[in-house]
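A, B, C and D label the chains in the order they appear, each numbered from 1.
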Amino acid sequence: MHVFERPVRFADVDATGVVFFPTFFAYCSEALEQLLLLVIRDGYAEVVLQRKIGLPTVRIAGDFTSPLRFGDTARIAIQTEHIGTRSFTLRYSVTRASDGLPVAELRGTVATIDLLSTRPIHIPEDIRSVLEQHRS
Amino acid sequence: MHVFERPVRFADVDATGVVFFPTFFAYCSEALEQLLLLVIRDGYAEVVLQRKIGLPTVRIAGDFTSPLRFGDTARIAIQTEHIGTRSFTLRYSVTRASDGLPVAELRGTVATIDLLSTRPIHIPEDIRSVLEQHRS
Amino acid sequence: MHVFERPVRFADVDATGVVFFPTFFAYCSEALEQLLLLVIRDGYAEVVLQRKIGLPTVRIAGDFTSPLRFGDTARIAIQTEHIGTRSFTLRYSVTRASDGLPVAELRGTVATIDLLSTRPIHIPEDIRSVLEQHRS
Amino acid sequence: MHVFERPVRFADVDATGVVFFPTFFAYCSEALEQLLLLVIRDGYAEVVLQRKIGLPTVRIAGDFTSPLRFGDTARIAIQTEHIGTRSFTLRYSVTRASDGLPVAELRGTVATIDLLSTRPIHIPEDIRSVLEQHRS
């Protein structure tokens, strides 16, 4: 499990004053960027720009239980739920950092693709290793 | 079924040149805003600001099959899958407008809440009626 | 002068309930996309993806006089203030559509560049013509 | 001068692969949030939510000289240029962290307002003090 904390930004909220739900997926994407930095020097940018590998999300599921507001900090615990050949599934538990209030449980399946051909490829070894290290 | 078309904007893409997946949920939110305008004069803004009713998404699920790029137009077909007492579930079929390529199938469950108490309330009658009219 | 109307979206506001000021520049960018569509079949996407021409904003200035909220519609009047050899300056007057309340006066200078070399190029003729037609 | 570093995120770029210019103003807003945290325990959120004070940007100017891409980190040096009675002006020098390449020079004038009446108020003392400490 890797834990990432991220304050709610001034503009992350919607007209009801709470974080607009798609923004949580952006937070999760930042958590994944953090995870990759643990094993890849320049992280996701290196994967995309130098290796020409993409990590598109192909399936998503989630429940939102409590809202976050400006002034709150999201605590995102990311762990690997499944590792396949050409895709993997991550689980994100989002809580409010100040008191542990459950905010969202999200699950995303990410494919590994060759950005030039847009075809699936085997999960690169370094990405696989960091996923193994963070299995639930 | 209500159909909404939305061009991909210049800034909707990510570093791999395709629409960043959370942005599809923003498109779906715009489609829901369109749906509400069919029965409520000032639409979602009236619901939120005048009636103090919120429509938070509490559950989401989806599959992303093909990417969209700048220059594409998303065609979002929205239909009601389930109407409960204090929540309803919508289904969004996203295709590429130019050729019907399937892009994403998304499902979102939306609660109706009193924004002041943040407690669930019965689905207002006008919202229920537009949902009934767009059942799958 | 070309006029573009754009409702404030549910998520365009910040924690004080008004449109976050950088979002106005995104609205202006949409207005520019509209302007290009008047003379170029596939608009800005064609310019970027097929002609490999970029239109980066190199200078910006603006005053914000009144806020917009969810439920408001921005009315953006775009006109050409100056046409140079390799750049042009646009002026955007933003008002609230319902009553004409002045919201913002923005000015942006846009360069025309070759995206491959990233060097300035002469303004293409079709872009120059639509700019001429919308001089203040 | 206060310095804030911020990696370019996966979704911060536009269809030409560089940071979309309005996003730089969002980075500057984050830098201002950082500055306020130096003197106010809960920072901007405390100012907005507890004191009901808003800090709307009322004037902006800027030059963009070089683009940033995914994989770059923005280094934002923020300093106070002018302190008035009910507004202040900040200057943001944005460079690429890896090599100091000049990216943008931005200037923003921020008003202090009572969020309930939306009228200008005197700059609160703690905000004034942190502005004084970071004069150019």
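One rule holds in what follows: contacts are C-beta pairs under 8 Å (C-beta built on N, C-alpha and C of every residue); 3 or more make two chains touch, one makes a residue touch a chain.
Since the model is a prediction, treat every value here as computed from it, not as a measurement.
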- Message: Just to confirm, which listed pair, B-D, C-D or A-C, duplicates the contacts seen in A-B for more than half of them?
- Response: C-D
- Task: Between chain C and chain D, tell me the centre distance in angstrom, where each centre is the average of that chain's C-alpha atoms.
- Result: 23
- Item | Averaged-CA centre spacing for the pair chain D and chain B, given as whole angstrom | 33
- Chain centres from averaged Cα atoms put chain A and chain D apart, in whole Å, by 27
- Message: Residues touching two or more other chains, restricted to chain B: which are they?
- Response: 10-11, 15, 20, 22-23, 26, 29, 45, 48-49, 69-70
- What graph shape do the protein chains here make by touch: line, ring, star, complete or other? complete
- For the chain C and chain D complex, residues of the former touching the latter: 15-16, 18, 20-23, 25-26, 29, 45, 48-49, 54, 56-65, 67, 115, 118
- Note on the structure: Seen from chain D, its contact residues with chain B in the complex are 10-11, 13-15, 17, 20, 22-23, 69-70
- Item | Parts of chain D lying in touch with chain A, wherever the complex brings them together | 9-11, 26, 29-30, 33, 42, 44-46, 48-49, 69-71
